[in-house]
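Next come the structures, one after another.
Both of the next two complexes hold subunit A, though its partner changes from subunit B to subunit C.
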Partner chain A sequence: MAGDLITILFNAMIWAMATFLVASGLTLVFGILHVLNFSHGGFFMIGGYVAYTVLSMFGADIPLWAYLVAAIVASVAMGGTGVAVDTLVFRRLKSVDGVYVLIATYALLLVCDGVVKLIWGLNYLSVSPPRELLDVIFLGGAILPTFSIFVILSGVVVFLVLDYVLNRTSAGRILQVIAIDPWMAGVVGINVSSVYRWTVITGFALAGLAGGLLVANQSLSPDLAGIFILQAFGVVIVGGMGSVRGAFVASIFLGLVEALSATYLPNYPGVLFFATIALVLIVRPEGLLSRQATT
Partner chain B sequence: MLEVSHLDAFYGQSHILHAIDLRLAAGESVALLGRNGAGKSTFLKTLLNAGPRGSGQIALDGRPLSTEATHVRARRGLALVPEDRRIFPKLTVAQNIEMGCHAAADGKACYSLDEIIALLPMVGPLVDRLGYQLSGGQQQMVAIARGIVSRPKVLMLDEPAEGLAPVIVDELGDAINRIRRSEGMAMIITEQNLDFARETSDRLYLLDVGEVVFCGSWADFDDRPDLVDRYLAL
Partner chain C sequence: MTIARVRPAIFFSLLALLVAGALIVPHVANRGVVFLSGVVAINVVFGIAFNLAFAKAGILSFGNAMFFAVGAYCAGYLITQQNHLPFVVILLAAAGCGGLLALVTGLLALRRASGVYFAVITLAVGALVHVLIMKLNFLGRNDGLVGVNRPIIDLGLVELDLARGDAYYYFIIASCALLVTLMWVLWSNRFGRSLQGVKSDPMRASFLGIDIDRKRLIALVLSGSITALAGAIYAPWAQIVTPELAHWSFSTMPLLFTLLGGSAFFLGPAVGAILFGLLDYATRSLIGISDLLVGGLLLAVVLSVPGGVLGLLGSLLARVRAPSSPRREGRA
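Take a look at the complex of A and B:
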């Protein structure tokens, strides 16, 4: 019984932190630029494939340092891609209706999908966890893989770093000012378009980092983007569009919903997840943590 | 120091300002008067490239400003205190003022908080307040503090006295004159309040439907009582 409970909580946290890793960049870009980037999951997926390619040099025996390096390579590669996407797409979306933003970024998602199929093909690919993280821990009857603990810790670390930067540094204060009043930010001498650019780079780098850190968490296929973008959108909506703290709390909340539904409603995958999102939209359309909706 | 020649400004297809010429010497304060909708705010925003699209020449200390973005113009020394003040609501007053220091030119020191409080005593007791907790008069004082902290060459005040109680307007006028006298900061002050404008400026420009219809000293202005009736009365 205690083992079941621990297993449910543990599964909830794996889902939560994997989803938060993907959602963090999405919610950051939305919070500052007010651009809802549908293609975010696509760049997360490409990040995973990039890490896969780096790690394929090591065969089945991957040291932890190489796993981390691969994640950083994926992060840098996607950050660089962010520069191109910002220049070619986001800058042109500044003054158009939100619907066009969704269409344009959905088109980008299709491009990501095509790129993956072209370079890596349609087959399922997989990477094994780093050799230091192949063990399991037994806790009160539950079996906890150390790699899953690594995923959970990764999400927590990314959250703590982002939360610190946004709320405790002068760079974070500038971001908050721009999120609320970009016009006045420019008038007081802040280079707003440069901050926008670095925010997009950071958002994409977070997508790449998530792809790299999670590459051994599930198999790679061109479906990956779609699966994660739905989960991440759920987290961003429930967390109050654009709030990193909100996304973190929402990911844990929806993780619990997912884990409970997987245990008690195994024949209806996803039903409880979407029902919860619908309920939040009806009861608190501004999100659960709306007071901090800009950070 | 500031030379504006033949400045036109547009919002989309609407042609708002027509061939505006304006000169401002170092340390001088000019008032820009005109009815609601005359184009006063549009003029100040065009100088900063902050909204309307401008065409014509703007030169600051002999160097032209052509396509520079807003933040570059701010760092060149143009500070705007907008009509609606735009205090950052979730930052403290001290943090709001500190934000203004982004406009400091490279290597130029901003005023310290103490120096700001010496110029604007009303700000003193407010430093730890949050932006959204301020009254209108307090917001105006903090907006001016944020505007001057970077020691700009030109301080542009857009209808600073609007909506403030008479006592606060007096205090505001004193503060503006203190900054003029002790710091020698040049100013452009838009106003509809004639007394306030007279008290805080050396001479004036009168704007009507986007054109300069009068430019001169307050004495010249007083010799032309028709101007008030034609261009300022409701």
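Take a look at the complex of A and C:
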């Protein structure tokens, strides 16, 4: 029984941190630019494929440093793509109604899908975890793979870094000012459009990093973007749009829902997850953890 | 955004033109093209039903695939399991199911969220419907429903066997033309104009005594049930119903048709659906290109031609007309 409980909690944390890694960049971009970026899942997926291509040079025996380097390469590549997307899409749609921006990012997601299918094909690809992380730990009857512990730690580290930067540094305060009132921020001499650009770059780099860190966590296929963007949307909605802390807490909450559902309702994956999101939206449309109602 | 004026004569002559074009297809093209043409006709209804909620009431739904799928599954299930029911009853049941789903979605979400938030909620509800369809035994789980036969319509004196030859194709064209006409009436009558008011200025509309939540809900329910009807008509045409119909990527289709053709025009989604059908046919041999095509096209339209093809034609026409009019006077 104790083993079951530990397994459920452990599975919840794997799901939670994997999803948080994707949701962090999504909620960051939404918080500052107020753009709900559908294509985030697509760039996460491409990040995973980029890391796969880097790691395929090492064959089956991957050292940990190479795994981390591949994640950083994916992150830099997606950050660079962020510049292009910001210039070509986000800046041009600044004065357009929100629904058109949403449609444009949706279209970008389809483009990502198409690019992946053209370059890497439709087959499932997989990467084995780095050789230092192939062990398992036995804890009270539960089996905990060290690679999954690595995924959980990655999520926690990314959260702590983001939270520190947003709340404890001057750059973070500037971001918060712009999120609240971009016009006034411009008046007091902050270069708003440059901050927007760096936010997009950071958001995309986070997507790439997530893709690289999670590349061995699941197999790669063109469906990956859709699966993760829906999970990340759920987390961002439940946590309150734009809040990194909210996304962190919500990912753990929804991870528990998902793990319980996988244990007790194995024939209906996802039903409890979407039902919970629908319920949260009905009770508190602004998200469980947001301080004020969205207007 | 401007909405084109209502001109019944122009609408009916354009509709007649489209129907005539569709009726010629079986005489000049092979079976593959006839099938595609039937799909395009259904897509026209799918697109216009979406735009009825989008352009008229300002409701962006990312879940229209679920209405389509519910209609298709309803028809598929009733045709395979309860084949003694008249086809008209099956169609009505499908429309009812779609309307009910839209009603539930609207009651849960419309009042609480608008614009982008509502779009995300419909996405979540659509994903839930997709998961349910994939897991329910009586809907065939992952495999869907097969052997959805084309029905026989009993008209009392005569029986129409829609399974024979191109009969079902003509049935599609006739019923789609009927649905398009119905939507045109909804689009341009008092109801449509009050929706317009709700979209442009909700506060003023409510001061004028319009119950805006109710109007939005009615628009969503109409859009949902007509979309479900399109799905129900589609099921016997494809003769198979699969869970892909409920997948959220299928919800992009009506959006693409609408934006490609021009959301401000009633027939915008029709133009978009036809153009997309042609493009799809032209690129059918290129595997993996379809996502790139749909995505790239949608992105290009949103970024550079927000008025769609009809909007572009309109502005080009205006530009051509302006400098040419003095010349015409000079010649006369």
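Just so it is clear, the second predicted complex is superposed on the first by the 291 of 295 C-alpha atoms of A that agree within 3 Å, B and C clash if a C-alpha of one lies under 4 Å from a C-alpha of the other, contacts with A are read in each partner's own complex, and residues count from 1 in each chain.
Note that in this section contacts are C-beta pairs under 8 Å (C-beta built on N, C-alpha and C of every residue); 3 or more make two chains touch, one makes a residue touch a chain.
Please read these numbers as outputs of a predicted model, since none were measured by experiment.
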Exercise. For A:L122, select first, second, both or neither according to whether it touches subunit B, subunit C, the two together, or no partner.
Key: second
Practice problem: Classify the contacts of A:V89 with the two partner chains as first (subunit B alone), second (subunit C alone), both, or neither. | Solution: second
Exercise. Please determine whether it is subunit B or subunit C that touches the greater number of subunit A residues.
Key: C
Quiz item: After superposition on the shared chain, which partner residues are touched by A:P269: those of subunit B (first), subunit C (second), both, or neither?
Solution: second
Quiz item: If you stack the two complexes on chain A, which partner ends up touching A:N167: first (subunit B), second (subunit C), both, or neither?
Solution: neither
Quiz item: Between subunit B (first) and subunit C (second), which does A:S219 come into contact with in this model arrangement: first, second, both, or neither?
Solution: neither
Quiz item: In the superposed arrangement, which partner chain does A:L110 touch: subunit B (first), subunit C (second), both, or neither?
Solution: second
Quiz prompt | Common interface residues of subunit A - those touching subunit B in one complex and subunit C in the other | solution = 294
Quiz prompt | Of all residues in subunit C, those that touch subunit A in their complex | solution = 60, 62, 108-109, 112-113, 115-117, 119-121, 123-125, 127-128, 131-132, 135, 248-249, 252, 255, 259, 288-299, 302-303, 306
Quiz item: Given the complex with subunit A, which residues does subunit B contribute to the contact?
Solution: 48, 50-51, 69-71, 74-75, 80, 82, 86, 88-91, 95, 99-104, 146, 150
Quiz prompt | Of subunit A, residues touching subunit B in the complex | solution = 173-174, 176-177, 180-181, 183-193, 294
Exercise. Note which residues of subunit A are touching subunit C in the complex, please.
Key: 36, 88-89, 92-93, 96-100, 102-104, 106-115, 117-118, 121-122, 226, 230, 233-234, 237, 267-271, 274-275, 277-278, 281-282, 285, 294
